[in-house]
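Per-chain residue numbering starts at 1, and chain names A, B, C and D are given in the order in which the chains are listed.
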Amino acid sequence: MTVGAPLLETQALTKRFGGVLAIDRIDFSVEPRELRCVIGPNGAGKSSFFKCLTGLARATSGRVLFMGQDITRADPCHIARLGIATKTQVPNVFDGLSVRENIWIAANRHSISGVQAMKASENTIQRLGLSTAANAVVGQLAHGARQWVELAMIVVANPKLVLLDEPTAGMSGAEIFRVEKLLNELKSTATIIVVEHDVKFIRRIASHVTVLHNGSILIEGPVATVLSDTRVRDVYLGRHSVT
Amino acid sequence: MDLTLIICLDILNGIAMLAMISVGLAIVFGIMGVINLAHGEFLMLGAFAATVSTNAGVNVWVSMLIVAPLFVGIVGLVVERLLIRLLYGRMTDTLIVTWGLSLFLVGAVTTLFGYTIPGISAPLGSVKLGVYSFSAYRLVFTGLTALTFLVIWSFLKYTRWGIIARGTTQNPEMASALGHAPHRVYAITFFSGSAVTGLAGGLIAPLTGVVPTMGAIFVAKAFIAVIGGGAAIVAGTFAASSFFGAVDTLASFVWTPVIGQAAMLLAAIILLRLLPRGITGRFLERRI
Amino acid sequence: MRDVCNSGTLFVVGVATAIAVLIPQIVNLYLVIVYSNLAIMALFALSLAWVWGYGGILCFGQSAFFGLAAYVYAVSVINIGESTAPFLLAVLVPTVFAAVIGALMFYGRVSDIYFAIITLCVTLILYSLISSTAGPQFHIFAARLNGQNGISGFRPLNLPGRSDDVLGPVESFYVCMTFLIGCYVALKFLLSSRFGRVVVAVRENPVRAELLGYDTRWTRTFVFTIGAAIAGLAGALFAVWGTYVNPSLFDLRMAALVIIWVVVGGLGTLAGPMVGAVALQYLGNVLGKQQLANTGMIYGFLLIVFVMLVPQGVFPTMQRLISRWSLRRSQYEMKLLGDDISKGMQGR
Amino acid sequence: MSITRRRALVVASSAGIASTFDLIPRPSLAADEIKIASILDESGNLAEWGDPMAKCMTLAVEEINEQGGLGGHQIKYIRYDTQSNDQLYAQYASEAALQDQVSMVLGAITSASREVIRPILDRYKTLYWYSTGYEGGVCDFNTFCSGTTAAMVVRALIDWAVPALGRKVYIIGADYNAPHATAKFIEAYTKQDGGEVIAQVYYPFDVSEFGDAISKIQAAKPDIIYSMLIGAPHLGFYRQWAASGMKGKIPIISHFFGGGNEEVLLTPEEGDGIVSCYGYWEDIDSPENKAFLERFTKRWGSNHPYINAIGMGGYEGTKLWWLGVQKAGTVDRVRVIEALRSGISWTGPSGNIAIDPQTNNVIRDVYIARAKNRRMEIVKRVPGMRPLFTEQYCNLIKHPTTQTQYLP
């Protein structure tokens, strides 16, 4: 585990929806250049946790620090501007626009000119092999393809931190392999947090894993140790309940 | 003492009026998401049905409580079959069609009955309160409104149809997967919404002037009440009507009716600014 | 794709210019006056076409800015006399007003139907307030607001700085058409600019736009304000055209009418709503001269029939008829592309 | 239903044709044809007034044509339906003046719409006739107002009511110009007759709930309620008043009541006993009126709504204008105006009407009437009322170029 200040850190992060306690006093941190997987059964609070990080949901209490800066109460757009790029669980793209336009919009935010944005997006289109589809209207593409476009929108923004919520959902084996390669490329420039179910995939990409259960961290550590931990298996099989 | 009492009665009555003209719209909008710009004209049809049948010798209560709802309900059913059904999920098109419908209905009724038909007067006498006297019918009106709300609420909460209807609102696919054709649900919803609107029309017939163009003044108020109420059909409309109605009547009493009206609209703006999902959107999530 | 839109733009501009130039030559004075009114209403429809069709903001109170501008012009021209300053003021006031409302609402994350109702309330408040200014105590300097009767008989436009050269109907018609074409072209340019594409993106998917770092609240406020400015321009021209203003500008009918125009013309286009406004205004004008049946009844009936026959609105339907074949082809291509992507993804 | 559809479609197609015609400039008009136009709301909110006006005007035109028109020239009557939409007022006024080049426009029901078209018709030099009763004060060489003005009816009504019914007057009215303006007359005349106005309250047009009003009145205990409520929603007041058992406890007078056939819309239990004052009632018992009603029934059928002063305005206006034309022997605007201002006087269904050259308003009989079983029974005929307020300010003999409305 590398030393130095964490890139992202949460302190006793808590979120309630009405009466439900979605996440409960989570202390979490990732180092720069780390690829961290967050796993856990359905309803463990993974998505709520992400929502709090991206600003789509306001934490009830606790703090979120990004590069030492408090972003707990910040709006999604300001958080994004700090260099945090997000892929939500369901493909979340501009269905009415073409692939090129989608990626251009993502690039435009931090380009000084439209031309520069166009260059950036063309590069990404090449790099991710989307050139044949560049003019296709995203709404008419298949599920997997739309996820891919969304990943392209993240790549073009060259972010410091990438939050991926189930990036391989609904993808074929070949496509998953493709995503894995992309993540490995991204790792050289950005920190990545991935929420995943596919254990094989996790073993391939991640060094460290955090297991959420009932809204709090059950266990955290190297992939091998965590995945072999009995509690984790119990949690997934629903035998175990943390008290 | 009498004055405060009479003011309270007036406020109650104002609330009842607003609630009554709104609830039919709330059903249609709440369950089907259909914005019916002809809502005012449905009220007008109810009022006409009640008036005409009473003049034709039908007992006034029968024509207000049975004829009016039945007639407007049937009209609603026809409209649903001929127009609304073809426009589900096309909110904007529904806007024009119902707007066109409202113009058409006004014109048609004018052509059939002319501009002036002999009105009917409120049944029952009046009750005395010191120097004041108060129309007994308006008390009954308030009571009937409360009853209507109770019925609708329990219908939606307890009966099979109510539950299916709510289910369809939450998730049409799911509902149809469970074997309830949304179209059938919608048809029945639109019928009952129209019927309630007809009832409202019938009940206000003796309280105001019954002319073909009477609907126009109600539709905006009804909308503001319904939207202000938010997701929950009954509770929402009730809460919003109570709030707006009270503001309006009270301000009218203290200052002038003009200020009363402006105050009500202003209240609506502030409310929606503070609770961007309407009253029940915030407090009574997942209620009826 | 963008070429098509450009040629379309050129076509629209061409037609409009032709009308602007030809009409006064071929028709008599009265029709010039009618067409001026049509141009003004087209401009009004354009403002909502932008706010609703491209900004994705359903504003049920667009007429508030229209009416406000008309009143500002009337009041200030009575006080000032020379019409240039009043005209500018008439556009400025509703713009600022909209900026304030927009900021208040969008930064409160009010949206959709709730925003629609709020804007409707704003219009109706203006209606009831202005209606109740009958007494002599309600006046702005020299201009008496005069309640339901409204203000009438004030000065129309004059050449900037030369208050004696009052514009006649034909000149006014040129002015209206110039503003109409100007605004249309300006909006087209805006849409093809960087900002314009962001506007469309925000309409398409606000959450994603936020996650990409765009402040949708600001974007929406800005779009809304531009729309109000155009509506204000139309309102000012309307006051000049009719030399009267009264509270009916703020009533529910007016508020609904512009929405009807936009939908009939075709939501999501700029030219469509203009066509819709012209068509429906002209229809009303023509129907008013027949005595066969109640005008409202016929008008309403035609509206219903129209929606049933032409669901997507005039303009998009025309476009589809033109490019039906090519559209079918493009869908086929789309499928191929879909396959290509997954291939491409596995390829590397 | 199907019939309606078919008719509507027929209209649609014919409308289409009409519009294509409009695009082509019309050739100049046939010389032997006199054109006049009415610009009225024959559909929409104000239709209940516009429709009978147009019917009465049609009847007047047909009578004139039967009598041979002007030297064999028949009158062509053009009807514009403004659909209760002020924009169309502006458009149709221009069309009548510039395209049809009519000799006279009779039109506008509300003062608002009158103020829309009056300046337009002045600008395009077309004689304008406004026949509806109004608040008074219009002073325009080109405009003739043959309806009653508020001052004359209020004068008549107050002079009758205050001595007969009592001193304390409570004013309740619709919140627009005419009632606010008229209230000043009511106050002035009531004071002159030794009474006082104890309160005034005004309601927006769309209010139909009058609980607070009734409570306030019950608290104030006036001798007379002077109502200036108007339109269907405001009928709520009379209904709720009666329903509260107040009917007959405090007498209601109103020079608005009856203008919208309120006596028919209300039941006798609610309406009977309310006293009003207008320039015409269907119940006027005079040979001229009998003859008129016969002709009207013959033309429009017997089940027409009760004809009130507003409807009758269309007939009066046309007839008065025609007297001017006959006297001038031409339809030339200036000559007709001169002729009219040279003292035209006419005894018609509504009694005697004379044009007052000082104001271009009229000196006419007015009738106080009481609602009884869905009709109005005449209580008193007040002959020769002058345009009281208007004549204080307006003098077209001294200042013929005036084009304005004086507001109290």
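As a working rule, a contact is a pair of C-beta atoms (placed from the backbone, for glycine too) under 8 Å apart; a residue touches a chain by one contact, two chains touch by 3 or more.
A quick note: this is a predicted structure, and the numbers were derived from the prediction, not measured.
Visitor: Which chain has the mean of its C-alpha atoms lying nearest to the mean of all protein C-alpha atoms shown?
Guide: C
Visitor: Centroid from C-alpha atoms only, then distance chain A to chain C, rounded to Å. What do you get?
Guide: Comparing mean C-alpha positions, chain C is 42 Å from chain A.
Visitor: Suppose each chain is reduced to the average of its Cα coordinates; what separation in Å results between chain B and chain D?
Guide: 35
Visitor: Between chain B and chain C, what is the gap in Å from one C-alpha centre to the other?
Guide: Whole-Å distance between the two chain centres: 32.
Visitor: Find the geometric centre of each of chain A and chain D from their Cα atoms only, then give the gap between the two centres in Å, rounded to an integer.
Guide: Taking the mean C-alpha position of each chain, the two centres sit 74 Å apart.
Visitor: Which positions in chain B are in touch with at least two other chains?
Guide: 106-108, 110, 216, 256, 258, 261
Visitor: Please list all residues of chain C that touch 2 or more other chains.
Guide: Each of 128, 131-132, 253, 293-299, 301-302 in chain C touches at least two other chains.
Visitor: Scan chain A for residues touching two or more other chains and write them down.
Guide: none
Visitor: If we use the touch criterion from the header, which chain pairs count as touching?
Guide: Final set of chain pairs in contact is A-C, B-C, B-D, C-D.
Visitor: Spell out the residues on chain B that touch chain D in their complex, using ranges where they run on.
Guide: Spelled out, the residues of chain B in touch with chain D are 3, 6-7, 9-10, 13-14, 17, 106-108, 110, 114-122, 124-126, 128, 131-138, 204, 206-211, 213-214, 216-217, 249, 252-253, 256-258, 261.
Visitor: Would you mind writing out the residues of chain D in touch with chain C in their complex?
Guide: 4-5, 7-8, 10-12, 14-15, 18-19, 22-26, 42-44, 47, 78-83, 85-88, 90-92, 94-95, 97-99, 110-112, 115-116, 118-120, 175-177, 179-181, 202, 204-205, 403, 407
Visitor: In the complex of these two chains, what residues of chain B are touching chain C?
Guide: Spelled out, the residues of chain B in touch with chain C are 35, 37, 83, 86-87, 90, 92-93, 95-97, 99-108, 110-111, 216, 219-220, 223-224, 227-228, 256, 258, 261-262, 265-266, 268-269, 272-274, 276-278.
Visitor: Which stretch or stretches of chain D touch chain B in the complex?
Guide: My answer: residues 4, 43-45, 47-48, 51, 175, 201-209, 211-212, 215-216, 218-219, 221, 231-236, 239-240, 242-246, 260-261, 264-267, 269-270, 305-306, 374.
Visitor: Residues of chain C touching chain B in their complex?
Guide: For chain C paired with chain B, touching residues are 104-105, 108-111, 113-114, 117-118, 120-122, 124-125, 128-129, 131-132, 252-253, 256, 259-260, 263-264, 267, 293-304, 306-308, 311.
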